[in-house]
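In the two assemblies presented below, subunit A is common to both, partnered first by subunit B and then by subunit C.
Moving on, here comes the complex of A and B:
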């Protein structure tokens, strides 16, 4: 028993394991880069790096093909920590190396926390437009809004991941159940009169009966987006209120009245609301003289908090993001003949860790090489003196 | 030794504990209503100077409601026992699919089946009032669809103008709507339109970003693609997107995009297309002789067929440019020569299916 425990510890603290894991990491990056042509950058991050085991779909069956980033990174992390715990012996000569390894550990932890905690959104602003929310580029939500109050909207937001065929969803703020009749992660919508022999629509209310939704394969291309679409039936205590077709391709919310209240139903990109507003004052797109080559693009925005404590103008441009209340706003793109600016909004509570890690790595390596240099120089001067 | 092993085990366990998944949970929150985006709006008060203002006399007992992004006017009619009816005034560009589509949309809202074209004549009446000739439909549901107790009814009127269709719709509990029929007709008589500010014509205005009938890919055009074309996911740029497969392999890409105005002019755009198949630009007169016009009703396509050689081999671009009101549409089929040639007839037939709603 003691032998098994010993060999277990030996395995985790061995340098061989480090080398093998580093080699696997190189292969992981290589294969993931190749797979990027199929899945796009976001898809491969999830499949190859933010997973324990990389699964490949073979005729509908997920087959494990490679250790994932969490597995390799996790083992490297244990290996590094285990080796230090097991062999720890502080000497000034090794102080630089210890610090460097400590920096590496923080870097690995930072990457893990980024993978777990980082959230990414987009904010699209037309000139003059003000928003207090940004939208997810990857996740959608079914928003059911009680719009009866003249000033406020009461929103119940159901993540699209929960919209599974046949599933019934309930929430204390909804006086009805939401029954998911069907859900397509990606679909094309066509007017019924364009599709002569289409099957009857499951929808009975709103825009749905006029539209034919055809499921499409999920796309991973950077320049395309999935238009998720669902048929949802709302069922109150007295029975069905109707079945609606909702789709991210139908941006206009569909309204209905129930028990004297006005409700709105819309499938939209998942929203992140903030306690401040961002107004696009001016978007500038400078080009090199006489060419169409972009030189710089920037957004002048007005930042205003709900409590009135902050009200200022900020210029966001490449490599100069706005950091505010835990969110970072980067200039990401533009469209609509330069009238619309797209800001990438990132929430990453661990954003400082890589900077801290790099600083520690720098200090550690400088210390290590400094100590080596001093040792070498003094050894050399000693041998010269002897000679 | 024991302490070190224990520490090692603790480090392992705590690191695994950190790894979790993104939880999808239903959230609820309260947010301030969004201010209406800066888009053409019409209302009784504070109407945009660019669009015609609508004026009306509110009948007694109708409670005016705040109009949202879509509604120009909104009223609530309430009976003493709590039954309700809702009156809305909206407008949409074009004909929104025509009379049959409008009536069938309303029938659908009342959970009634659609009617056929031959029954259309009996499905509505017309009434001429000072502001124009309105088509009026009065539809009652078969079943008690309101709170499981009351039948629903839609009394709707629509007025077609060259640019847009105006809708006046009273919907709600059947008997309450019936009791307000006279008030509804009086309301229509009171409607007047005030011309937009000088210098702006109706057709110059951008269509609002709303649609009663969201047409495929949010385009203002309709078309029917041949069965052997594979529809692809539309992007923000593309109004329509298809893959066309070759009989002996290879595939071509068909895209439909639109830009406001002339999008730089036809000469520049055709020469841009020539560049895509590695052909040198042509002068306007040369271009005129290498293109032809295809007429389809009121639509005039400028059609070109360019064959060049790219790194992928002989590449053909079959394109059609369609200026339409204040937009220009570009239909482009590009791919290996053999595939595009195979689909040329289909492409030309496809252009003939293109129509405005």
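Moving on, here comes the complex of A and C:
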């Protein structure tokens, strides 16, 4: 039994395991990179890296094809720590290597945490426009707004991931149930009069009856966005209120009255509200003379907090983001003939870890190299003396 | 004498790479250099017209050389003068490269009518053997022009298809179409090609201008006016607008007081005459030059060009230095000359293993040094011209990888003096410069940086360090190739150099003096083993630091440290692979032979990261997408795998180097495989 235990330990602390895991990680990264031509950069992350087992969809059946990033990374992490504990013996000669590996551990942890915690949003601002929210580039939500109070709106937002065909959703703030009649992750919308012979619409209220929604395959292209679309029926205690067609392609909320209150219904990109507003004062964009190559672009914005303590202008430009209240705003793009600026908004509570890791790695590598170089030089002078 | 000879070789090498600075100038009655260094603005950069001529030719026909129909070689600048001022003559030069058979048949070419007929039997034999081209690959504008309408239609069809889905024919059509556009744009950049005498036309225009403006104003106000003069003005506007629409070069410098970037096309500068009431100096000069060139009047040409130069020195003087330097740089062709020298170094280095080791290996070292000096000067000039760190695009990364690897090779060679560094340096230098040469077909290699990359700090740190990582990984791989090939095919690995660099068979362990840096009794094989290990340590360090710096840049600009972008992944694979090699060696899993095989695979990994990831056409780094390179990448990978298989499948005792002394083979002969981990 002790033999088995010992060989078990030997296995986990062995350099052989390290080498094998490194080889597997090379393959993992390589295959994942190739898969980006199908799934795009965002799509592969969940499939290959933020998973224990990589599942490939073969005719609708998920087939495990490779160990995932969590599995390989986790084992490497374990192997690294176990080997250091098991063989730990401090010598100055190895101090640099020790620090380097410690830095790597922090780097791995940092990557795990940012994979888990990091959230990305976009903020699109027209010249002069003010917003207190950013929008997710990947996720949508069904917002049901109680707009009866002229002072404020009461919003119930249902993540689009919950909208599954046949599912019924209830919320204490809603006097009706939401029944999902159908959900398409991506769809094309056309006016009914342009599509002869279209099947009758399941929608009975709002814009829906005038529109034909055709499901489309999910796109992974970087320049395209999936337009999620759903038919939702609202059912009160007295029966159905009607069925609406909602889609991220219909930006305008659809209104209806129920029990004397005004409600609005819209499927929109998931929002992150903040306690401050950002107003685009001016977007500037220079090109190199006689070309279309962008030389620089920048957004001058006005930042104002709800509590009134902050009210200032900030210039956000390439390689110079604005960090504010745990969010970072980057100049990401522009559209609409330079009248609209697109800011990327990132929340990553673990953003500091890579910097700490880098510092440790840098010190470790410098130490190790310094020690080795001194050793090499003294050895050389000795061997020259012998020769 | 024996010591002196390599120094003479060094001098010869320096003369060869430096000769470009002095050759081929002013054979003509025209002051061609004065014209060649006139600055224009194209693609956002102010450059001499010489660069415009060269890059246009490279992108149209993959080379700078042009042959006249009479078989005379024409300098790029002469070609540009003909294109701009003597269009009918330029139309007869073979400057449009077409390889695609379908495209050839579209312009009425078949295998029969593109055959080159040589008049001498010797040349015909050479053509059959492949030493001379057997068929034309470049065609004249005159030959192509009857098919322009059809080409335009095909180009539109091809444009409607996404790049990745285009067929070979469609790509060829678009490439030819772009060349034709470039050609037309050059024609309209200086003068109006339709005009039989543009200079006379301009002078007529200027003398009529005051009356013309009056007449046009009167006409607009509905008052009596001279209709003929008004019509002359309307015609002039139309003609200048044509130049402005079709021309590409911004050849007219900014007017005094205007921002320094406000260069204009000659057509636009002429349209401004209506406001200023006078003829733009640049427009007048180019019209005069055109007249002189067309009518064969060197005196008028030289006078106009020197007067214009003096004018520019007064207005945009600070640009003229750079323009002049760039012209010299173009003419010196430092990279082309170094490329040839690297090939010589490679061959001389190999020869030194078989004959005259001292003289040849020292010569190889000095020639490598000469080529290194030339590439250093070339890269430094580019940096000064651009005001940028050395690596800004794929082209300059090729230059820099070669440069850095050669620098490491010089150090290795200075320490070990066994020609291994010279051979590896020659090979990598030659290959990287050849790659750079092919990348230059894409157009001007000094491009403006897109906004997101426009950060000299990160270009100087992340990009340079990561490129050093590429260079050292390649170097380890090339050293390993030398080890495997020499080990399997010669007995060289088991020999050792003595101090006088004459070769001897390796005596039993411990006996004999090593080379100056060699350990006691160290064989060549053991020396290469140590080199490869050291270089891999370097490679790990550089690629790790470079990748992490890239992460920090990404975090600063996009808010994520790591985004799984293909290029980032490629860099990470290099780090992991190098780390794998080191751990495998430290754990005693591989000895010399295994180390070499792993190091050769490092070439594959690096080539993937350098080029392969760009070919996926996704992500932030896909700036250098090109399909032509794909087949070369595949060929390179196949050849690396073949070498690995040779090294891996042939047991050590079958290697020629270790056959006689099998027990002392690398499986047991590596100096300190177990303990080496602690030192690098």
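Following the convention adopted for this analysis, the second predicted complex is superposed on the first by the 371 of 387 C-alpha atoms of A that agree within 3 Å, B and C clash if a C-alpha of one lies under 4 Å from a C-alpha of the other, contacts with A are read in each partner's own complex, and residues count from 1 in each chain.
One rule holds in what follows: contacts are C-beta pairs under 8 Å (C-beta built on N, C-alpha and C of every residue); 3 or more make two chains touch, one makes a residue touch a chain.
Quantities reported herein were computed from a predicted structural model and do not represent experimental measurements.
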item: Partners on subunit A (subunit B, subunit C) - clash or fit; value: clash
item: Which superposed partner A:199 touches (first subunit B, second subunit C, both, neither); value: neither
item: Partner chain in contact with A:4 - subunit B first, subunit C second, else both or neither; value: neither
item: Which superposed partner A:376 touches (first subunit B, second subunit C, both, neither); value: second
item: First (subunit B), second (subunit C), both or neither touched by A:58; value: neither
item: First (subunit B), second (subunit C), both or neither touched by A:151; value: first
item: Single subunit C stretch clashing with subunit B - from 127-135, 163-171 or 379-387; value: 163-171
item: Complex contact set, residues of subunit A against subunit B; value: 5, 9, 12, 70, 74, 77-78, 81-82, 85-86, 112-113, 116, 126, 128-130, 132-133, 147, 149-159, 161-162, 169, 171, 173, 186, 188-191, 193-194, 204-211, 214, 216, 219, 223-227, 238-239, 242, 249-252, 257-260, 273, 335, 337
item: Subunit A residues within the subunit C interface of the complex; value: 14-16, 18-19, 22-23, 25-26, 29-30, 32-34, 36-37, 40-41, 44-45, 49, 93-94, 107, 110-111, 114, 118, 120, 222, 287-291, 293-297, 318-319, 321, 328, 330, 332, 344, 346, 348, 351, 354-355, 357-358, 361-362, 365, 368-369, 372, 375-376, 380, 383-384, 386-387
item: Touch list for subunit C against partner subunit A, complex; value: 41-45, 250, 261-263, 447-448, 450-452, 454-455, 458, 513-514, 516-517, 519-520, 537, 541, 544-545, 548, 551-553, 555-566, 569-570, 572-573, 576-577, 579-580, 583-584, 586-587, 589, 605, 608, 613, 616-619, 678-680
item: Residues of subunit B touching subunit A in the complex; value: 4-5, 7-8, 11-12, 15-16, 18-20, 22, 24-35, 37-38, 66, 70, 82, 84, 86, 97, 101, 104-105, 108-109, 111, 145, 147-149, 209-218, 222-224, 231-237, 260
